[in-house]
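Just below sit the structures, each encoded as structure tokens.
Look for subunit A in each of the two complexes below; its partner is subunit B in the first and subunit C in the second.
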Partner chain A sequence: MNFTITRQNLHNGLAAVSASIPSKTTLPVLSNILFEAKEDAVWMSGTDLDVAVRVKVPADVKELGRLTAPGKKLQEITRELPEQPVEVATRGEQIELKCGRSNFKLNGLPADEFPSLAEVDFSEGWTVTGKDVNGLIHHTTFAVSTEESRPILNGVLWELREGSMRMVATNGHRLARMGVPAESGGAPSADFIVPPGALQHVQRLFKDDDTIEVARSGNHLGFRADSTEVYTRLIEGTYPNYDQVIPRDNDKVATIDKKALESAVRRMAVVASDQTHRIRLKFEPGRVHLNVLTPDLGEGHDELEIGYEGEELEIGFNANYLLEVLRYMPTDEVDVAFKAPERAVTIEPSGDNDIDYLCLVMPLRLLD
Partner chain B sequence: MMAISNPTRADVILPESAPVKRILLVDCDAFFVQVARLEDPEGAGKAPLLIVGGSPTGRGVVTSASYEARAYGVRSAMPTAHALRLCPDATVVGVPRSAVSARSQSVKEALMDLSPVVQAASVDEFYLDLTGTERLFQNESFAETAWRIRETVLERTKVSVSLGGGTRRVIAKLATNFAKPAGVHIVPAGEEEAFLRGLDLADLPGIGPSLAAALEKRGLVRVEDAYAVQIEWLQRWFGERRGAWLYRRIRGVDSSEVDPRERRKSISSERTFFADIDDDEELERRLMRQAGSVARTMRQQSFRAKTVTVKLRDHDFKTRQHSRTVPEPIESDHAIYGVAKTLLAELRRKRRVPARLLGVGLTGLVASSATSQLGLFAEPVAGETERERTVSRTVDELRNRFGREAVMPGRLVEDDHAPRVPKGDAK
Partner chain C sequence: MARRIQVLPDVVANQIAAGEVVERPASVVKELVENALDARASRVEVAIERGGKRRIRVSDDGVGMGREDALLCMDRHATSKIAAAGDLQGIRTFGFRGEALPSIAAVSRLTLDTRDAEEEVGTRVLVDGGQINSVEDLPRRRGTTVEVRNLFYNAPARAKFLKSVSAETRVISEAMTGLALANPQVTFMLTSDDRSLLDLPAVDDAAARVGQVWGADQSSTLILASHSENGFDLKGLVQRPDAAKPGVRRSYLFVNGRPFRAPQLVKAAERGYRTTIPEGVRPWMFFYLQVPKGHVDVNVHPAKAEVRFKEWPLIEMLVEDAVRSALEGEESSATFDTQLAAPPLVVREGSTGPVAPSPDTQMALFMAGAEVPHEAEDPNGAAAAPELEPGATRARLWQVLHTYILAETRDGILIVDQHSAHERVLFQRLMDSFERGGEVGQRLLFPLTIRLTQTEVEAVVDLEGLLERAGFEVEPFGGDTVIVHAVPNPHRYFDAERAFREMIEELTHGSELVRSAKNQHERIAMTFACKGAIKAGQKLSGAEMQELFDELFATDLPHHDVHGRPTIVRLSKGELARKFGRT
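Presenting the complex of A and B:
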């Protein structure tokens, strides 16, 4: 293998791939990046066995070949190199970098030891825009569960339908759901449960104006645009029926300035218990009172003027769940809808827009 | 100090000076040994060389040893086998757990009649704050008050205690070392520095063997030696926070109050096995039993836990532990054992060798009433269902009424009773 590449291109390729390399591993080859010099370009790949990232970088290839070399060290070296062409070549099982007068040889491992990436046939798949997918990922991934007890909720549910697609995530206490219109191009409907780590790579590597091909092969899902590919293992199982738990009869709706509510909740959270983060919101016509009372610590009170006509109602919340949801709301005002103190509360963007975004927060039971 | 921070109150109550604190630490002398003897006057009661904890075959660790046995070098937390090599004639008895808690409770009740503020620091240590009782006990000195408390406790509970006294908790704690056994040692107000200077650094609470060794490497063994060291050096050696803490500790600075309501921070149980266990299933059964026991103790105090810790000591004394914090506090046997089981599996996966000790701890305790995050789905994602809570509480009630063995998980029944099916029938 022998190729010449600009420092910038080498750096970009390494940066894209290194993020998929595990920081600690018992399998040494996983700390390495696979280089594959082809006719017109060099492919670089990295994987932690769950997710794999593969990128194509322009280079002047003199001799075809494959080799793996330590990703982190290559990245550190490339960061320090001058802006000059870099000649990369294999010397037995070593990789050699020459740039100006700098010269490095690093121990590599044979390319055969590198795990083979999932074989995905993109001809039978879906086509989505980077903007749509990234928007869905951004607004839902935060809500996934980090608990191992129900692995199915450690993933984001991605529903692809005729004319639309949706992502949903929940940890059983709060939920985020977003949908966008999408052309399926005739591909059949499908549901995937995707690990959030893979979606973060997608969000990081694909730009809004990219056209992304998505295809499934067995238990793997592949994403591909011009020069970038992401593969991930899917989470197996049936996602719980989330639609059933979304209330349809929340008849009391408060319209609240998002920033003002966020600030007030954050203030209350200071005095809330470290363990429960419990605060109380008391709604009354035109106003919401925020209260916190933590034994052994103290109490706090705040109030906001809001658009609300319904009857008086007090609801307990984990302040963190409210703050998370508010952070991702795309509009200046939000509609908070509820029915009773112990029923699911929904939060949606307020006003005249066609944003299909809904977050749900389960209250804390108030015993006193 | 008080006059500055709270002038109004100090002016009104004490026009001349801030009250001098009068704090006592009541420490039951070799408590487990005393209880063992009180419970079994004919057996343990007649053995001068007595070791409580572990088994006569030498398994387990010493919980407490009689003063006579201590003369042979026997110390608590020492493997019983080692203790028996030092003191071969000693009698070894198991820990009389329920008697210990009953006696501890009666000592506490006796103390509550004698002092306005009582805080149980452990099963055999109680802090008393007698500040402001000078006038009440004007006919006797602080030391005389302490002696009177000692006699009253002995008379009422038959438990012999030692008392250390001083103006701060840490001083009272250190003074008990001079009071034991069966005595009283008071460090008078104003003499704290002289008292501390006479001690070794390793005597101070919070200075463990490794910190003591690090100090010794720098030529500091006595508190006296360390007095001359500037705070900057201590911080450079041990980091900002720890250095500052050490500086204050050396000077006996301790602003902590005797707080009768001080909340428990953890509940745990540790057991050393009679013989090392290498079987995963057997370890799980032990874990189930211990997890159930700590969970029950916690429920009795109306707490739920956010963090579960499992500790494993391997046959070669290598000790390892794993913890997990759950998003919602849990209290049921089912949920706590569930987390503990995963932790045990992780520990065993890393190193699968015979284990000699297993421990389960619960921390991040919150009042049960403070927590009830409602869930979206009938089946909880993390934590437990209302049903699981109810099951555990019902089992607690049954056990309170009919005894501990009245209800137990099927998995644990086998180890306590012989198989029900006669052997001849099994085919």
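Presenting the complex of A and C:
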């Protein structure tokens, strides 16, 4: 293997890939990056076995070949190199970097030891825009569960349908669901449960104007735009029927200024219990009262003017859950809909728009 | 009619009294050693032969007696220690009845050698079965030696009840140990058939005495437990929970310097240990009580083995609180240190004899000016968090093996077991919240449908109210199924379904933990803590570790989990220095 590459291109490629390298691993080859010199470009790959990232960087290839070399070290060296072409070459099992008068040789490992990436046939897949996918990821991933007894809930449900797609995440206490219209291009409907880590790589590596091909092979999912590929293991199992638990009869709706509510909740949260983070919202016509009372700590009270005509109702919330949900709401005003103190509360962007976004927060029980 | 009632001759009366006072050789040793201590001896030597059955000799370097007193002391009710009934109230001496010597003399052949500071020459009195046989001059140093031979030679019925030589020897040694613990500043020697059983040179404090008797290994497991309340004062040494073992327990109680038995105080101490030691473990304890005049009656038991307090509940509280607050401190946590110094506990400055008693020393069980170091109490009542490295606003925390959290403190290293620590946090939190009505439950989007056994379902139904107050909203669904609509949410890795199942199983079928609980509330809180706490193997972020650390030190007993295991193990810089050969 022998190629010449600009310092900037080498740096970009390494930066894209090394984020997928595990920081600690018992398998030494996983700390390495796989270089594959092809006709007109060099491919770099990194993986932690769950997710793999592969990028193509332009280079002047003189000799084809493959080799793995330590990712973090290469990245650190490249960061310090002068802005000059870098010549990269194999020297036995070592990789050699020459740039101006700098010269490095690092011990590598044979390319055969590097795990082979999932073979995904992209001709049988879906095509989505970077903007759509990134939007869905951004608005839903925060809600996945961190508790490991139900692995399904550790993933984001991605539903691809004729004409639309959706992502859903929940930990059973709150839920986020977003949908966008999408051209399926004739591909069949499908449901994937995707680890949030993989989606973060997708969000990081694909730009809004990328056209992303998505395809499945066995229990792997691949994402590809022209110079970037992401592969991930899928979480197996059936996602719980979330649709059934989203209330359709929340007949009391309060329209609230998002920023005002956010900062009031944040103030209340200061005095809320460290464990339950419980605050109370009491809705009455034209107004919501926020209350917090934490034994051994103290209490707080606040109120906001809101658009609300329904009857008086008090609901307990985990302030953190409310804040998370509000943070991702894309409009200045939000519609908070509810029915009874123990029932699911939904929060949606308010006003005339076609944003298909819904968050749901389960209340905390009020004990009196 | 002939007169039938007659006054018994003294000899007979003394023999009868002896039945109460002198039960076995150990009673003789106890009475004679007490007399020596009352005479303000600084050294008491006891020699016994054949378990004291053949011979007991007690020598002291106390004030001694003049000739007149040496004869008088053989009479019943002859005492120098009290003059009027009222004197008994604030009694500081062991003796007060004037019965011991005549009782012993009545059932043995007794030789009394003594001399006081005033007389040129000492006195030897020979008594046989209570009859004074001779009185002689005897050159000797100041002090007293009493030798008792052939105990019960004239009371064969009593002699028959004596146990084996080794059994009697053991009881004697035990009795002397108690007195030695009460008087660490006095030298005690016990030899049995020329074998030395106790060799206890005077030391400064009680812990040092414990160390002399049972070894430094044992005394270094003790921590100070002190508490005072309206004139009642308790100083004690109790065992660190991690060092406490099942089996033989050493529990010694002293009131105003006097050993006594009181199972209810041992129980009170055990209450203080509750949730910090497993069931069946018996921590050692040494309590030195000081109560105001008139609050303890020492004259309720023929051998003075028991006392009666005017306010038992107060004394029990004192003991329980002292133990509790000792366990709140860092000293009570487990440690890697091998050469721990026993905590100094000065209990009594010699004994306060009957001669020219100074009121100060009489009232001061503790030596004036003796600093008793003990955890500075936080005004908020919360246990003090360990002192961090100077300059560090937060302890630097490392997670090791995804199980332990390491922190650097001013004095070395703390290792926290994340699961145990979180157990303590959850236990206290739920107990506190029971008091205020209960824990809030997080409603579930997908209620849990849980199948249980019939008995488990019954337990759930029985406990429904309490479970609800713990945050679990459970609905029996008929048959073997329950539906859980709301659950507590103690941390983000909490597996509610598993915790619930395991709790119900443990509550239904019982466990050591469940049995150690005092009531249903504790039972629920303990099982919840145990099943709900962050597990070993859970990777934690820096912020999560910090939060756990802060929460742990906000609990009352941060150093102990609810199973009686340590939450924290300390490694001091001293021990590190020793390990690396820096000292």
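The rule is short, and it goes like this: the second predicted complex is superposed on the first by the 368 of 368 C-alpha atoms of A that agree within 3 Å, B and C clash if a C-alpha of one lies under 4 Å from a C-alpha of the other, contacts with A are read in each partner's own complex, and residues count from 1 in each chain.
Here is the rule we use: contacts are C-beta pairs under 8 Å (C-beta built on N, C-alpha and C of every residue); 3 or more make two chains touch, one makes a residue touch a chain.
This structure is a prediction, so every number in the text was calculated from the model and none was measured.
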{"item": "Room on subunit A for both subunit B and subunit C (clash or fit)", "value": "clash"}
{"item": "Contacts of A:T170 with subunit B and subunit C, given as first, second, both or neither", "value": "both"}
{"item": "Partner chain in contact with A:V245 - subunit B first, subunit C second, else both or neither", "value": "both"}
{"item": "On subunit A, positions contacted by subunit B and by subunit C", "value": "146-149, 170, 172-173, 175, 240, 242, 245, 275-276, 278, 295-296, 318, 342, 344, 360, 362-365, 367-368"}
{"item": "In the complex, subunit B residues that touch subunit A", "value": "263, 306, 326-329, 338, 342, 364, 366-367, 369-377, 379-382"}
{"item": "Sites on subunit C touched by subunit A in the complex", "value": "429, 432-433, 436-446, 469, 471, 473, 485-486, 489-490, 492-495, 497-498, 547, 551"}
{"item": "Parts of subunit A lying in touch with subunit C, wherever the complex brings them together", "value": "146-149, 170, 172-175, 240, 242, 245, 274-276, 278, 295-296, 316, 318, 342, 344, 360, 362-368"}
{"item": "Residues on subunit A engaged by subunit B in the complex (per definition of touch)", "value": "145-150, 153, 170-173, 175, 240, 242, 245, 273, 275-276, 278, 295-296, 318, 342, 344, 360, 362-365, 367-368"}
